[in-house]
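Dumping the structure here so I can ask a few things about it.
Chain naming follows the written order as A, B, C, D and E, and within any one chain the residues start at number 1.
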Amino acid sequence: MLGLDKKDTTLLIVVAVLALFAPFILNPFPTGSAMAQFNAGYPDLMQRFVIFGIFAIGFNILFGLTGYLSFGHAAFLGVGSYAAVWMFKLLGYNVVPGIILSVIVAGIFALVIGYISLRRSGIYFSILTLAFAQMSFAMAYSVLTPITNGETGLQVYSSDTPIFQSATDPTVPHLFGLVMRETYTMKAGAWSFDFNYGYYLCAIILLVAFYISIRIFRSPFGLMLRAVKSNQQRMNYTGLSARPYTLAAFVISGMYAGLAGGLLASMDPLAGAERMQWTASGEVVLMTILGGAGTLIGPILGAGFIKYFENIFSKINETTLHGWFSWLPDPIEDPLVWLLEHFVGGGWSLTLGALFMLVVIFLPGGLVEGGQRLGRMVRGKAKKTEPDTGKSAATSHPAE
Amino acid sequence: MDDIILQILNGLDKGSAYALIALGLTLIFGTLGVVNFAHGALFMIGAFCAVTLQKLLSFERIEVSATEKTAWGTPLEIRTPYAELWFGHDFGAALIDWSVPLAILFSIPIMLVIGYVMERGLIKHFYKRPHADQILVTFGLAIVLQELIKHYYGANPIPTPAPSVFRGSFDFGALVGFDPGSVIYPYWRMVYFAFSAVIIGAVFAFLQFTTFGMVVRAGMADRETVGLLGINIDRRFTIMFGLAAAVAGLAGVMYTPINSPNYHMGMDFLVLSFVVVVVGGMGSLPGAVLAGFLLGILESFASYSPIKVFFEEWLFLPSIDQIIIYLVAIIILLTRPRGLMGRKGVMED
Amino acid sequence: FTNEPTGNSVTLGFNVPQTGPYADEGMDELRAFQLAVEHLNAGGGCLDTFSSKALKGNGILGKEVKFVTGDTQTKSDAARASAKSMIEKDGAIMISGGSSSGVAVAVQGLCQEAGIIFMAGLTHSNDTTGKDKKANGFRHFFNAYMSGAALAPVLKNAYGTDRKAYHLTADYTWGWTQQESIQAATEAIGWQTVNNVLTPLAATDFSAYIAPVLNSGADVLILNHYGGNMVNSLTQAVQFGLRDKQANGKNFEVVVPLYSELMAKGAGSNIKGVFGSTNWSWTLQDAGTQAFVKAFGAKYGFPPSNAAQTCYAQTLLYADAVERAGSFNPCAVVEALEGFEFDGLGNGPTLYRAEDHQCFKDVLVMKGKESPANEYDALEVVEITPRAQVEYAPDHPMFAGGDLGQCNPGA
Amino acid sequence: MGILEVKNVNKRFGGLQALSNVNLSVAENTVHAIIGPNGAGKSTLLNVLVGKLIPDTGSVMFDGQSVLGRAPYEINQMGISRVFQTPEIFGDLTVMENMMIPCFAKRDGAFELNALTTVGRQSDIVDRAEQMLIDMKMIDKRHMHAASMSRGDKRRLEIGMCLSQQPRLLLLDEPTAGMARADTNNTIDLLKQIKAERDITIAIIEHDMHVVFSLAERITVLAQGTPLVEDTPDKIKGHPKVREAYLGESA
Amino acid sequence: MNVKPDFSQHANQAATAPAFLSIWDLHAYYGESYIVQGVSFNVHEGEILALLGRNGAGKTSTLRAIARLGNPELRHGEVWLDHQPLHTMSSFQAAQAGLGLVPEDRRIISGLTVEENLKLAQIAPPIGWSVERVYELFPRLGERRKQEGVTLSGGEQQMLAIARALCRDIKVLLLDEPYEGLAPVIVDEIEKTLITIKELGITTVIVEQNAVRALELSDRAVILDTGSVVFDGTATEVLENEDLRAEYLAI
C-alpha cells in the first residue's frame, strides 16, 4: 500500500490506529478513580506526544541513518515556533501559514548551520551544532528580544494588527475556523474521552511525517545515508559525495524540527527561548536513543515515554499518594508514601533518570528492542524445536 | 593595563576549573572510550563532600528549651557544635573554619570509591556499546546522582566559605607597581589556581613518566592487544576511572568557596567541559588543559565591558560574553579539524 | 464557564517549580498552598485576621477545596504544559504559583485564553502587571518599581546623595525592568549611574564582571540578580573585598534590590549589612503575619518565606473573592477582586487595583543581619515603606503598553 | 601516451621522502603491476591517484585530465575505482546493499535526492547488483551483514563493488592478501574475464607473485619511493636487483 | 562433488600422543552466530602446527577463542596449556599462563615507540627475552627503536609483533597470517625466524593462506571447514593427499 511493503504498511497502520484512537487508549481509567492520575488522554499531552514524536522522527532521520549526532536540534524547533507566532502576529490566527513558514525558516536555518557544521564529523560535529544552538539560545534570550520577546516568550498581543484577521475569526489559533483548542468530551459511564481538533491536526501531520520517514528509510537516499554512517571513506571512493547527502538529511530533519515547533506554537501560541536550550536538544537525543535510534517507530515511543513521565509523574503529590494507599494501615502507609514521594512530584526526574539507566542496561537498542524481545518470546515458544542454523542468524536488518 | 592583568587573573581560575574537569573527562574518554555525561555530577559530588564535612564538623548538640519559644511558635533550640564541645571552643571553631581544605583529605577516598563502584558496577558494561548508549546511561546516572543530592541537601546553594585567613584579597597592583588597590585578587582564587596547577602537573607526570602511565596510554590505543601481553588492563582502567573521579571531586571541593555549591552545578559545568575537551581535541590531555585555560581567559576578557562595547559597536556582535565560548569553539573547530591537539580518528565517526 | 465545579468539591491548581534551581522556593510555596487549603476547609490561620469575613472555613461556597500540583521547572513551556494538564485533565478552576516572571507571564497568558483565574506567585517584573497584564491574572507580590521606590529613601539616608552606582544586571526581561526601576529611583535621589553591565543568565562566575568595578570610579555596586545569580555575584563581590574598600572617600557598598530568604541563606554571611527589599517578612508583628507564621511554623517547624506568604495570601484572596461574588465564574471573581481593599494578611491595608490587577501595600526594606540568631534570621526589617510611597499611576511609562483586555470566562 | 600519466610526483611525510620523482605511464587496456618492498610507497602512490593525498609536486593526468585537486568522489566519477589494502566496505549494511551502492553511484552520479522511491523497486540496480554477486560467487551471502564476513570475503566484496562501477581504471591494492588460494585463483580468473570482456585498465599492487605474474603485462618495481625498473614480467623475474631487493630466493 | 571424503579418522591418531596444548570441543559465537562448532585438536610440545582452511572457515575465530579474547564468546569447550585450564581464564591470565598470540593485523600500539611496544610486553610476568636479545634477532628493529611503531612498514611491523611475543616467556605462539601483505624477501626472513623460534623449543600454531609454504615449515596440520575440524594429521600427509588439498585448500 502507498508504495510500502507489507511490513511497513502494517507498521503505518499500527501507528495510525494508535494515533487516531489515542483519546481512548490513553484514558483507560475512569475519571475520578484513584488511577485517573495515570490517564494521559487530555488534549495538551496528546498534542505533545505527537509533536515531539514528529521532532524525534526527524531527528532520527539524521542521527539514526547517518550517525551524525546533533546536539543543537532544539534551535530549529525554537526557530519554527518563533516563525509561526510571527505569522499569527502579522497575518492572523490561521495556522496554515504559520506551519508552512516554520518549516521553511527552520529549513533555511538548518541549511546554514548544517553547511558549516558538516565540515566536521563525530563529536566535533556535535559540538559545532551545540555551539550554534547555544548561541541562538543566548541571543534569543537577550539581545534578540525585539524579535523573540526574550524570557517572557513571543506571544500575540491585542495591540497586534494581523492583516488577515477579520472580526469574525477566532482570536486563538484555528484551521480555517476550526479552533485548535476546542475539545469535544465524550462521556461513557465513568469514563470520559477528549477529542481535540488540534490533536487530530497534529496526529494527521504525524502520520504524513511518519509515512515520509518510512519512504526515506527505504529509499536509495536512505541507503546512502546508512552508507555514510557505515563508511564515508568507501563512499567517497565510490564516486559519491557524502556532504550533500548529510546536508540534505540535516535539512530534512531540521524541517521536521521546525514543523514540530510550528505545531507547538499552533497548539499554544507562545514561543519561549528555552525551547532552544541545550537541554531541549538533549531531550530529543534521549528520546531517540531511548526508543531505539535508527528504528522507525523507536523515536515516537521514546518521545511518548519521556513526555509521559514529565507530565504525569510530576503531578503526583503526597496527597495523591495518601489517596491511593489510604486503605493500608497507617504504619505501612506512611513509610510507603514517604518512600514513593521521592520518585514522584519533584522527584519525577529521579525516576526518569533511573529508567534511562534501566532501559539502556537491559534493553540495548531501546524500547523497540524491548518490544522485539517480547515478540520473540511469544513467538519463540512456538518455534523452539527448530535448530539454530548459526550463520543465518548473523543476517540483520539494520533499519527495522 | 591593570584591568587587563585583572582579566587575565580572572581567566586563570575559571580556566583552572574547566581544565580540571576537562582533564578527567578526557582521561575517562581516552582510557575507557566512554563518553561520561556523569562527569559533571562527580564534580558536584566533590563539592558536596566539602558541604558534608562542613555539616559533620558543625554537627550540633540540640538542647530544647522548655520555656522559650521561637517567633514561629516552636520550642526554642539551643545549638552548640559537637566539635567545639569535644575539641574545645577554639580548636573546634578552627576545624569548622578549615572544613574546605580538610575536605580534600575527606573527599579523596570517597571519590575513589565512587569512581571504583561506578566503573565496576556500570561503566564496565558499556565499553563495547555505542557512544549513544553510553550517553544515555551516564546521563541517567547524572540525573539520579543530582536528584539524590537534591533530596538530601535541597535545591538551594549552600554557602561553604574558605578558611578565614584566605577570605581577603591580595593586592596585586601594589606588588607590580600599580596604584594600590587597583588590581586585587582573592586569596582563595590564587589557592585554587595553584592547586589545579599541581594536580594537572601530577596527572601528567604520572601518565608520562611511570610504567603505569605507559600501560594506560597503550590501553587507550588498543586494549585487546595489551591484554594479550598479559596485562590486566581492566584493573588499571578502573584505577584511572577512580583517579579521574578524584580529580573531578577535588576540583569540586576546592571550588565551593568560589561559588556556593548546588545540586545542578555539575550540569552547568558539563556542557562547557565538553566544549573544552573537544576544542582541545579528543584524546589529548594537554589539549584539554590548554583549551580550558584559553576559554577561561577568553571568557573573562569578553566580559570586560570595554571589549563588550567594542564588539557591540564595531563588530555588531552583541552580548559577546554569552556567546564567546561557542563562537571561539566554532572558529577553532572550523580551522583545526581536530581541535587544538586532537588525535586522528578519535570520535570522528 | 470553563471547569465549572459541579460536584461537592472544587479543584485548585498549584503550579510551582519542583525541579531546577528554584525547587526549594517551589516547595515552600507548595507548603503554603497546602496550609491555605487546610484553612479554607477547616478554618484557622489568617481566616481569623482577614478583614473580609466571607470565608467560613467550610471550603469555598460550601464546596470542599481540593488541589493538584504541577512542576513548572522554571521554564515557560513546561509551566504551560503542567498548567494545561491541570485545566484540561484535573478541571482546575484557578491556577496559582510560580517563581519567575517569565513563567508567570506565560501561564497568565494561558489562563487568559483558557478562561481560568491566575493568581500569580512570586513574580517581580514590572511586565507582569505592566505590558503583559491580563484581565484574568492577579499579582499580590510587589514589583521592581516598588523595590526601587522603597529602597531609594533608605539608601539616601544610609549612604547619602552623592554616590556613583555600578549596575550588574541579569540579561533578561526581569533584570532589565529591575535595573531600569532602581536606576530611576536612585537617580531621583541624586546618585549617578556609572555603568550598567549585562551579565549572561547562565553565568556562575561573576568575577570578570566584578573586577572592573574596582577601578570604575563607582562606590556602590547594585546587583540586579536573583536566585543563583545573586548568591554567586554577591559572594564574589565580597570575595573581591569590595565591601572592605574605600572609594571616593566613602565605604564601598553593595545593594541587592530583590532579596529572598532562600537566597540570603545561600549567600550566607556575605549579606551582612547589604540592603535589599522584600514583599513581606515573617518577623513582622502585625496580627495577620503572626497568625500565618504560627500556623506555618506549627505545621512545618520553621518560618515561611515571602514566596510562601504571597501564595498563601493569593489562595485566600481568590477564595474570598468567589465567596463574595457568590460564583466561581472568572468574570465574577475578577469583578470581586478589582478595587478590593483588605487587611489582615500582613503588609497592612492593601488594595487590588482595578486598572492593572496589582496589589498595593507596604514594602519592606531589609538588611542582612550582623549576628543572626538562627538560620531563618538572616535578614532584618530596616523600614516598612508605606504603601503611598510605592504607588504609581497605571500608565506609568515602565508599565505602559499593555492592555488588560476582557475577562474571559472560557467555554 | 598512456591513459594514466604520473609525472615527477614527490611526497614527503615529515622527514620521510615517501615518493621521490615518480614517473609512471600506464597504457590503456593493460594490466600494470606495481611491486616493491614494504614501505616502498606503493600505497602512497595509489593514494595520490585517487585524491586521498595531494602530492607536493608533480602532475597526475587521467585520460588527458588532471586529477590533482579533485575530491575523491570526482576522481571516481571520472572512472577510477580503487580497492584498498585493508578492506573498506559498508560494514553495517548487507552484502547486497553494499553492491547496490556503487551501482547507484554509476547511474545517478555523485548526489541524487531520490528520497521517495524505494530501493527494492529499482529493478535495474537490483539486477545489476545481483549479477555482480553471482559473478563474484557471493550470491548466497547477499543478506549477510558485511562486517561479519571473514576478511577474504570482505575483500572479494570490495573488488566486486569496484567492478560493478565499470571503471575505466581499476586500482587494486593487494586484492588477494589473506585470500584463500582457491579464491585467489577465482579472482585472477574474474579479472582476466573482465579484462577480456570490456575495455579496462588495471593497476595492481601485490606481493603475491603468482597473481602478479599471471595478470600483469607490465611491471614497475618501486623501491624507497622511486621506480627501480619497469619492464615485462619475464624481464622482471630475471632482474638481479629485483631478485635481491624484493623477490628473494623463493620466487 | 556431493559425497565428501571423510578425513576425520586421522584425528584419532594424534589424540593418543601426550598434548602440550589441548583444545577440546570448542564452541564459540559472535553474538548469536555460531562460528566455531566443536573444534578439537592437540599440539605437541615443540612442534609447529599449521591451521588451515578457506576464508571464513573459522581459523581466526578459533585462535581468538583459545586466547580468550571476548569476541567470539566461548560458550563451551576446554583449552589446556601445559596442565593449565585456559578456558577458565581471561585473556590476560591466558597470556600470563604462557600463551602468545600475534593477531591478524599485527596490532602495533600507536603512540608508543618500537622499544616501548617491546617494554610493554615485559610488564606482566612471566618475562621472556630481553629487549637486547630481541634486537639481536631483529637488527632492523634495533635500528628503529625510537621510531613510533605504527610508522614501520608492514614487514617491520610483523617482526615487531613477533618480537613482542618473544619478550614474554611464552610456551605457545599463535600466529595469524604472519606473511600477509609482506614482500617475498621478508616472508623468507620471517620464515627463518620461525625456524629459530622452533629451535628454541617454543610450540607454534600458524594460520596461513599460503598453505604450501606453511606446510613445508610445519610438522603437523589441522584443517578447518565451517567451524569444524575436517582433517588432523601430519603436514606431509596433506602435501601428498591431492583430494584433501583440492577439497579444502583448493591447491
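Note that in this section contacts are C-beta pairs under 8 Å (C-beta built on N, C-alpha and C of every residue); 3 or more make two chains touch, one makes a residue touch a chain.
Which protein is which chain? UniProt says A, B = Branched-chain amino acid ABC transporter permease; D, E = ABC transporter ATP-binding protein.
What you see is a predicted model, and the numbers here were worked out from it, not measured in a lab.
Peer 1: Smallest number of touch links from chain C to reach chain E?
Peer 2: 2
Peer 1: With chain centres defined as mean CA positions, report which chain is farthest from chain E.
Peer 2: In terms of C-alpha centroids, the chain at the greatest distance from chain E is C.
Peer 1: Which chain has its C-alpha centroid farthest away from the centroid of chain B?
Peer 2: The chain lying farthest from chain B is D.
Peer 1: Using mean CA coordinates as chain centres, what's the gap between chain B and chain D in Å?
Peer 2: Once rounded, the distance between the two centres reads 52 Å.
Peer 1: Which whole number of Å gives the spacing of the CA centres of chain B and chain C?
Peer 2: Comparing mean C-alpha positions, chain C is 34 Å from chain B.
Peer 1: Based only on mean CA positions, could you tell me how far chain A sits from chain B in angstrom?
Peer 2: Computed value for the inter-centroid distance: 34 Å.
Peer 1: Do you know which chain E residues sit against two or more other chains?
Peer 2: Within chain E, residues 30, 33 contact more than one other chain.
Peer 1: At least two other chains touched by the same residue of chain D: list those residues.
Peer 2: As it turns out, chain D has residues touching two or more other chains at 148.
Peer 1: Could you list which residues of chain C touch at least two other chains?
Peer 2: Chain C, residues with two or more chain partners: 23, 27, 171, 198, 200, 202.
Peer 1: Where on chain A does chain D make contact in their complex?
Peer 2: Touch list, chain A to chain D: 3-5, 212, 215-216, 218-224, 226-227, 229-231, 233-242, 244-245, 248, 252, 391, 394-396, 398.
Peer 1: Please give the residue numbers of chain E that touch chain B in the complex, ascending.
Peer 2: Answer in residue numbers: 67, 69-70, 90-92, 95-96, 100-101, 103, 107, 109-112, 116, 119-121, 123-125, 164, 168.
Peer 1: Help me check something: in the complex, which residues belonging to chain B touch chain C?
Peer 2: Where chain B meets chain C, its residues are 2-3, 6-7, 9-11, 13-14, 70-74, 150, 154-159, 161, 167-169, 181-182, 184-186, 188-189, 257-260, 262, 264-265, 268, 299-301, 303-305, 308, 319, 321-322.
Peer 1: Considering the complex alone, what residue numbers of chain B touch chain A?
Peer 2: Touching chain A from chain B are residues 35, 122, 125, 129, 131-133, 135-137, 139-144, 147-148, 151, 271, 274-275, 278-279, 282, 318-319, 322-323, 325-327, 329-330, 333-334, 337-339, 342, 347-349.
Peer 1: Would you pull the chain A residues touching chain C in the complex into a rising list?
Peer 2: For this pair, the touching residues of chain A are 39, 42-45, 48, 138, 141-142, 145, 150-153, 155, 157-159, 172, 181, 183, 194, 264, 268, 270, 272, 274-275, 310-311, 314-315, 317, 319, 345-346, 348-349.
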